[in-house]
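Scrolling down, you'll hit the structures one after another.
Each of the two complexes below includes subunit A, the first together with subunit B, the second together with subunit C.
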Partner chain A sequence: MSGITATPAARGIPPRLLVRGAILAGIALLAALPLLNLLPAGSALRVSDFTVAVTGKWICYAVLALAIDIAWGYAGILSLGHGAFFALGGYAMGMHLMRLIGPRGVYGHPVLPDFMVFLGYRELPWYWLGFEHFPYALLMALLVPGALAFIVGWLSFRSRITGVYFSILTQAMTYALMLAFFRNDMGFGGNNGFTDFKELLGVPLNTQAARSGLFYAALLLLAGCLFLCRHIVSTKLGRVLVAVRDAESRVRFLGYSVTSFKLAVFTLSGMMAGLAGALYVPLVGIINPGEFAPGNSIEAVIWVAVGGRGTLIGAVLGAFSVNAVKTWLTSFAPDLWLFALGGLFVAVTLLLPQGLVGLFRRRAR
Partner chain B sequence: MARLLLLIVLLLARPALAQDAYLDALPGLAGGFGAQAEAVERLGAGGNPRALPVLRALSEGRLMKRDSTVILNGTDAATGQPLDATGAETVRINNRVRSALRGALGRLQLVSANPDERFAAAESVFRSRSAENIPGLEAAIARETVPRVKERQELALAASRLVAPDAAVKRQGIATLGGASSEDARALLLEARNANPELAAEIDAAIAAIDTRLTFKRAAETLFQGLSLGSVLLLAALGLAITFGVMGVINMAHGEFVMLGAYTTFVVQEACRGIPWLLPWSLPLSVPAAFLVAGLAGAALERGLIRHLYGRPLETLLMTFGVGMILQQAVRLAFGAQNREVISPAWMQGTLPLPGGILITQNRLWVIVFAMLVLLLAIAAIRLTRFGLEMRAVVQNRRIAATMGIRTGRVDALTFAFGSGIAGMAGVALSQIDNVSPNLGTGYIIDSFMVVVFGGVGSLVGTLVGSMGLGVLNKVIEPWAGAVLAKVAVLVIIMLFIQRRPRGLFALKGRAADA
Partner chain C sequence: MTKRQGLYLDGVSVVFDGFRALNNLSLIVDPGELRAVIGPNGAGKTTMMDVITGKTRPTAGTVRFGDHDLTRMDEAAIANLGIGRKFQKPTVFDALTVFENLELALKAPRDPLSCLRWRLNAVSRARIGAVLEEIGLAARAADLAGVLSHGQRQWLEIGMLLMQDPELLLVDEPVAGMTDQETEQTAALLRRIAGHRSVVVVEHDLEFVRALGEKVTVLHEGTMLSEGSIDAVQNDPRVIEVYLGR
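For the complex of A and B:
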């Protein structure tokens, strides 16, 4: 990330190459973090466990931002409910992690998670079956958010609900899901959600190996999503999406099925968000209905706006920079953070419509 | 002094017969348990007010006796003379006496001077279910002047008649209970049905009559609750219908304007505390104050920020969300995160009983009235005033309106201020039924948007129908789905509804619809 600020200094090099270099440098820097974590405690270059965990969290956020950006920045679909896809993916992984606890829970029940024993369940609800298998849980983390995105998108796009109407509808969707997941009788742990996980794929979660493994998995996911999105936006599909964003009716009159294009990109975006959530949960060790809060989704949108929507690197940049400021500010002046975030919304929309990337581009010109 | 009091009591006392019955029965209390129970029955049946304190003392274990003299608070219970209580012992009672006491106290309280006590007595007689209460109740009903108590006594009489040995009397009881509309009466009839198979047909008819009335009552209460919720939604959504519906501006800070209105109510109330005669009027005073505060905040927001983003609704949405965040945090820092208490004036408290046993809480009723007034005010402002005319002109065709000499920028600011001011007034109403806290508005904003989308953008009548429809729908689903799932169900229903009518119930037609 810090590599990008070097733009004005290097005039001779073509900007394209520079950006690519910066991205590669950023990924290399990120990839080095868990290695630096292995250094002995006294070493100057050593990175703390906390830094690795927090950076891993940000990488998941960056994938979420990327998911929002591919829908909003390219196809013009502003979803204020992407937190719901993220949380659903997280819940799918959380269910797997809960099943792995097995008899190590407080109540020591061989099959049922603690909260179910507490609530007097006799057996696992049907929708919990199969979650003891990792591939199944991962598949669900992909399919459930994807299915929800498909249904909501299909219902909305076919009746040509666009713009702010769609935004409000998706916000209502995540709000409704939050209310539903807060209920104990849903079988998802009520307002406590899932926590106290023990292991994943046989590796205890509180070890350095698990932390680095999850970190690299998240990094891999980010790189994969970046690659996929890069591929989408540079092919014809991406061109059509941009055209839909800029002049939906015209694209429709030209004979394209706007609904299908929007539906495809929105479903893909929901799946990406779901995978991000699935990696996020073992990294932070908890998932609860608070993740569905409409405020979370809209905060993720502002990452994209800050970074620069309509550019893939902008989404990633925004997620990292806003969360870095958040982590830094909430630690020493928590009261100020909401002012800063609110101010960010106002400042970015009024002064920086193209985000940080737009700022660099203007400088570069 | 005591003699004089006694004399007055004697002069005012009921017929001499009752007096004699009282004096006759009294010594029985000092006898064995059987004699005690009999004496208690007689005292209760006698209807002498003097028996009430004696029996109360007996039930509370305060009554003393020496030989056959009953001593109440250091006086002879028969004569009222002060008495040396040395050597007296407490009168002990057993369960049989206790149960006799309960009925007797109930019957005696029926003639108490305090209507609340009489009401409670009727209630306990209703529960005791003894045919012996009939004469006492009949006498009490004849004397009763308070309708609320009388109604209860009649129910108690019917309940007592139901257990009478005589079938004709029972029928009388069944007929009266059939005219009641309470769960108690229904339970009583069900019980009687098992005990009297020969009267089953009549009892069933009475139960059916009660059921019809109960269904009606429940429906009426659901309707009221729905209208109440709907009017809250209406208040929150009305301002939105103007800023979003008419101007096309998505104001995510709308909920925070509602919150500002609620806090204005709190501030006005605190300011009125120093002036006692003004305090009951602090709520009516808050209405214009909240309108001004929220309206000014709205005008500032429109002129300062929103106007730069016209034509970019998604950016407006994000920007106003940020403004809402800042407002919320500012209020949290200024007033604290905990709830602030806004007191309801006396005329808004309590419940209003309607015929048929329907109870209506006053403050919710006032919120409905207030919502309707605000709606009429908004419609009048748009239809009848110069400002409304200019506003409609700008909405229909901004350029032509400008060429006609309308200062469109000023109209925009005023319209936005107007919509925000209505949000402030909604805050005054919400302060009466919800907690005044910094996140007061967030709970309503999504529902309000739903109302506007459901009712049709840009139509105030649509907002009315949409909010009332959603409010009632919510309350109808609630009993069998629970409050949370009802909300989820309503959201799903709206999503499906939009499939059929993407532009809402009351869609605008013509040029404005393309906006």
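For the complex of A and C:
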């Protein structure tokens, strides 16, 4: 492995406390957005509904980026299919939101979602049972992506499938899931997916209260994941992961089971991505098989590369900055976006191997 | 180091497809002894290490470590007995500090959850500190292993072996590629380590072996050719014949 990425503690720059301060400041800044949204229209500091909604979406993306970074940046596991875990979490929440629509659907069926009535379903498929309960749906948003990550990881790591082979495998995984979810007879709404959600936890989704609530929930998730990941990488577990990334066989030789370490971090990463997807769906109001598109997963990896992999905070910065550019660029030249993304990736790889965080570090020195 | 055990090889032969890699080799290393093993290429030095660590099974002969019959044990069991082996090419974790490298090698539960909960206690800290002193890297403890010189990396690797508290340390060509000064320091390091534990060093570099200043065993064609002090060995006509040719 090239590119020595040290733990901040080892490098001394930037000092851990400084980073913690910056994180808290960032969270406080984000937390202020929904409050500024409450200001009367015309006020100079007022933040639009659109800004709050878009920022909420980016926060979910930042959690996905974190999930990728702890696996890729620390343990060297490059997944190009993390969008699948995100989408599965999203579908779990989507199923809950669909069940909450109840008889308010177009067909007015008391139990079945519209697409099931349309497709001639007589009753709910067994795997839809329980999703009317919010805690169950949330648990599934955590467990289903976690289980998939565990199974894919177990099969791969046990057979010592690493590097680019693992990346290709995960691409195939998300592609296969996309094709499966496109099928109407899967019972997940086919290519239309789920939409027309009405409410969550009794709060109508088109209200300011719901928007702020979801925004704060996402922010809480991001803060929680960020502190959890920072804690993990500061322990011996984190150092073993770095050692696995740089010299896997040597770690094995020291008596550590590399498979169980990789499996642990990959499963955790899948679960984080799943929760991010679960909050993303009520924020954007739709989930469809397009979320499984391989391109989505690759884009998320680029956020991490741009921010600086193996730094955690870089993943968050990368997710925000790349998506900010995307939102700005696609507002007037949507066709240019993929070229810009590709160019950005090449430029970062050539000029900023440690991403945006590397830029700050160089400045600090 | 409660019970101290010696290494005992008697009449050991290893035959690969009719080729005798070791031929009736006998060798005794006392507890705490430092022993250098030299010999031309193909003399059987590496095969001897493989037999001791359980990587290769001898075709005939006895291999004992204290009361333990090593020919009946697998590699992991032999490693757990306290026989550590340092391979030629050093592999340390570049992105971790010297201290952290040693910490990973420290005897402790090796599963992810234990590593997550792991707290460095005073005993472990002292243990790492002692090894840092022993390998002469105490001043570099907080530096990344990636910035160490080649020689320092070798010492760190030896230190990682010491963390596992071996009774017998097998060291394969430790000074290959080192500067003269590093070679000298490595000799001093191995002399320090011996005494607490037995050390067997396989080496080509005769200057280094002289610097170790201990008993030397010369292997040739899988068998012991000569044994004694470096001067005695260098003046042995059979050794001169093998090394210089007739």
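In this text, the second predicted complex is superposed on the first by the 347 of 365 C-alpha atoms of A that agree within 3 Å, B and C clash if a C-alpha of one lies under 4 Å from a C-alpha of the other, contacts with A are read in each partner's own complex, and residues count from 1 in each chain.
Keep this in mind: contacts are C-beta pairs under 8 Å (C-beta built on N, C-alpha and C of every residue); 3 or more make two chains touch, one makes a residue touch a chain.
Just so it is clear, the model here is predicted, and its values are computed rather than measured.
Of the two partner chains, subunit C is the only one touched by A:V242; subunit B is not.
When both complexes are overlaid on chain A, the residue A:Y256 reaches subunit C alone and has no touch with subunit B.
Once the two complexes are overlaid on the shared chain, A:I298 sits against subunit B while remaining clear of subunit C.
Applying the stated contact rule after C-alpha superposition, one finds that A:H133 touches neither subunit B nor subunit C. Of the two partners, subunit B and subunit C, it is B that touches more residues of subunit A. When the two complexes are overlaid on their common chain A, residue A:A264 makes contact with subunit C while staying clear of subunit B. In the superposition on chain A, no contact is made by A:R46 with either subunit B or subunit C.
With both structures placed on the common chain, the touch criterion links A:G342 to subunit B but leaves subunit C unconnected. With the contact threshold set out at the top, not one residue of subunit A is in contact with subunit B in one structure and with subunit C in the other. Subunit A makes touch with subunit B in their complex at residues 78, 152, 155-156, 158-161, 163-165, 167-169, 171-173, 175-176, 179-180, 182-183, 294, 298, 301-302, 305, 335, 338-339, 341-346, 348-350, 353.
Listing the residues of subunit B that touch subunit A in their complex gives 250, 305, 308-309, 313-319, 321-326, 328-330, 333, 446, 449-450, 453, 482, 484-485, 487-488, 491-492, 494-496, 498-499, 502.
Across the complex, subunit C meets subunit A through its residues 91-97, 100, 103-105, 110-112, 115-118, 142, 144, 146, 160. Contact residues of subunit A toward subunit C in the complex are 4-7, 10-11, 232, 235-237, 239-240, 242-243, 245-247, 249-251, 254-257, 260-261, 264.
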